[in-house]
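For clarity, chains are labelled A, B, C, D, E and F in written order, and residue numbers in each chain start from 1.
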Amino acid sequence: MFSVTIRDHIMIAHSLSGEVFGPAQRLHGATYVVDATFRRAGLDADGIVVDIGRASEVLRAVLSELGYRNLDDEAEFADMNTTTEELARVIAERLADRARAGALGEGARELDGLLVTLHESHVAWASYERPL
Amino acid sequence: MFSVTIRDHIMIAHSLSGEVFGPAQRLHGATYVVDATFRRAGLDADGIVVDIGRASEVLRAVLSELGYRNLDDEAEFADMNTTTEELARVIAERLADRARAGALGEGARELDGLLVTLHESHVAWASYERPL
Amino acid sequence: MFSVTIRDHIMIAHSLSGEVFGPAQRLHGATYVVDATFRRAGLDADGIVVDIGRASEVLRAVLSELGYRNLDDEAEFADMNTTTEELARVIAERLADRARAGALGEGARELDGLLVTLHESHVAWASYERPL
Amino acid sequence: MFSVTIRDHIMIAHSLSGEVFGPAQRLHGATYVVDATFRRAGLDADGIVVDIGRASEVLRAVLSELGYRNLDDEAEFADMNTTTEELARVIAERLADRARAGALGEGARELDGLLVTLHESHVAWASYERPL
Amino acid sequence: MFSVTIRDHIMIAHSLSGEVFGPAQRLHGATYVVDATFRRAGLDADGIVVDIGRASEVLRAVLSELGYRNLDDEAEFADMNTTTEELARVIAERLADRARAGALGEGARELDGLLVTLHESHVAWASYERPL
Amino acid sequence: MFSVTIRDHIMIAHSLSGEVFGPAQRLHGATYVVDATFRRAGLDADGIVVDIGRASEVLRAVLSELGYRNLDDEAEFADMNTTTEELARVIAERLADRARAGALGEGARELDGLLVTLHESHVAWASYERPL
């Protein structure tokens, strides 16, 4: 099994609902350093998992829908906590949607899985992994 | 599959028995930067894998039983080499015990797996992974 | 010249005023990984620059006044942009105040300088440095 | 499941064939920071996955066949693109060959898998994983 | 004194002349992770050292003149070894030229110094520092 | 001003005397990731600060006198605490001695300064800096 990972980041504001979050119930924010991993059993004719240039553009596009925003004000997140885990899932789902729509090229239709990791600090990170 | 990882560290002294260890047969020591990863198929009602605050406290408690000690003097390690691999296993077992005892909260009873990685330097690390 | 550095972090929300900031004029947030460096020409009788335990507590105390907050709502920042550069200065000033007040111990009165670096992502960071 | 990872690096020149590579079709180069992970269900009598000293020497030997070279001039790569993904596979195959030949010791014959990751920059890396 | 640092990277091929370089006398290559630090005694009216967006564009422009090339073929380097140290100097000089030409904005004319660090691997890096 | 830095590491056991050290008064240990920085106003005829190969060997030689040992048993440290700060100084002094003795080559006699940083964990490090 092969994989390729690219790194980018977003900076957002949000608050989290629930006593378990303690002071993070207040409006605060985070830089998420985002690692998107694309998995594939074999390589394409060029010898790659996915075109890194296109993958980087697609990841940037997905992140730009979220970045420099207060997620508490985004209608799409009205019914959920925007925890690091949930945001990893949201980003993975959006990358999967775009891959299926062809944004990563024809070869990317043969991707076997996606892993998205969000680093919220030097001591904590969360991941979501799914087949494609 | 979701996961959350938290990082902490310990500093210990020990020696390793066996010719394979060369100069590490002498009493020496290590800083282990410890990454504890908690895995779970779904998220709880708050949108998390595990309460990071509680998980950090539990990890700190497990590590404080080991840190600032000469492991050669600890009765529990009398019959084993305290290699990085073995210590990763010991820490994972102790985290699993505490999770089962409820220290991570009720939701944590639904954890599917644990992965513990100990970084012994910038060029070497070891992991132990187990289901829960 | 000797120095000791300790690392901690904060997560905050804020917005920045001025066209130069582009989308960062919107309410967003950041994780700042904070490195506080204490400088001293010589060591004390124990062979240290500063008690790392005390320094960590003082840094944590200074950061806890800022963390998990929307800095736009804090009166003390009403007249300034809370840029990474300015926050590095604010944290350094507060560490200096506490050092002068004795929170780092008597020996810390001999500190020669302070350097505070805030990492806002894996590709950008800012520092403020001053003598003591 | 246990694993041990060791890190080393190589510096090579190469070019990549195919429009997808854009400017990387020109002769350029890369530092690959190489992480070799050895996996094993149980530990040996010494409490280790593999002798880190021997594993480091074997990895260094494999890398020295590639390093400080223009891979475009190497006959073995005449029919392939030396992408990060392909080089991860080549290094893993060569490590597997040497493990099977006994270079990692008798115990290493019980290794269950290999994972090789090549970091080509701070924002991109690729991996190849295989059973043994 | 304040500073802001931004990180980017380039991938180049080259060879080095002189017995001291051993196998690096052969054509090989490197990824340089480049940190450009801008220093300034005070902040501008917006509370910044330099506009990070503009500085990132300028750094990218300077690096794009070097990246994905065989530096042995570049006329400008015909009379010198393109060591990590020399490339750090070249990049710093070009950033200084662009700063003086106004590419970083009017405020950047008050910059006091520049530091450029090139990381050639996880175990070696070089820097060049100069006043402005 | 130019500089070149190389990274290596040591693993040692020791204890620290003095109430300020709390649990670190017990015998424990540390991995120190050691960064040795060589500074020089100009480059030599080859375009380098120092031969990285020789500098790496010299650093390794200095570290091998300390590594895989219990520093409490070393006569040379009988009268001092082997704090991270003191060890940074010891390593810098020994590098300076070897540079003066010609171990880094003739060109290295023009070095202007040395900086040694010891990382004791992901959240704490200490440095010692001196002219040459």
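Basically, contacts are C-beta pairs under 8 Å (C-beta built on N, C-alpha and C of every residue); 3 or more make two chains touch, one makes a residue touch a chain.
Remember, it's a predicted structure, so these values are computed and weren't measured experimentally.
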| item | value |
| --- | --- |
| Chain F against chain B, contact positions shared by both copies (same if over half, else different) | same |
| Chain whose average C-alpha position is farthest from chain E's own | B |
| Centroid comparison with chain F (C-alpha atoms), farthest chain | A |
| Interchain centroid distance [CA atoms averaged], chain A/chain D, Å | 27 |
| Interchain centroid distance [CA atoms averaged], chain A/chain F, Å | 41 |
| Residue list for chain D, restricted to those that touch at least two other chains | 7, 122-123 |
| Touching residues on chain B, where the partner in the complex is chain A | 1-8, 43, 46-49, 51-53, 105 |
| Touching residues on chain E, where the partner in the complex is chain F | 16-18, 20-22, 80-86, 88-89, 122-130 |
| Footprint of chain C on chain A - complex, ascending | 7, 9, 11-14, 23-24, 26-33, 67-70, 120-123 |
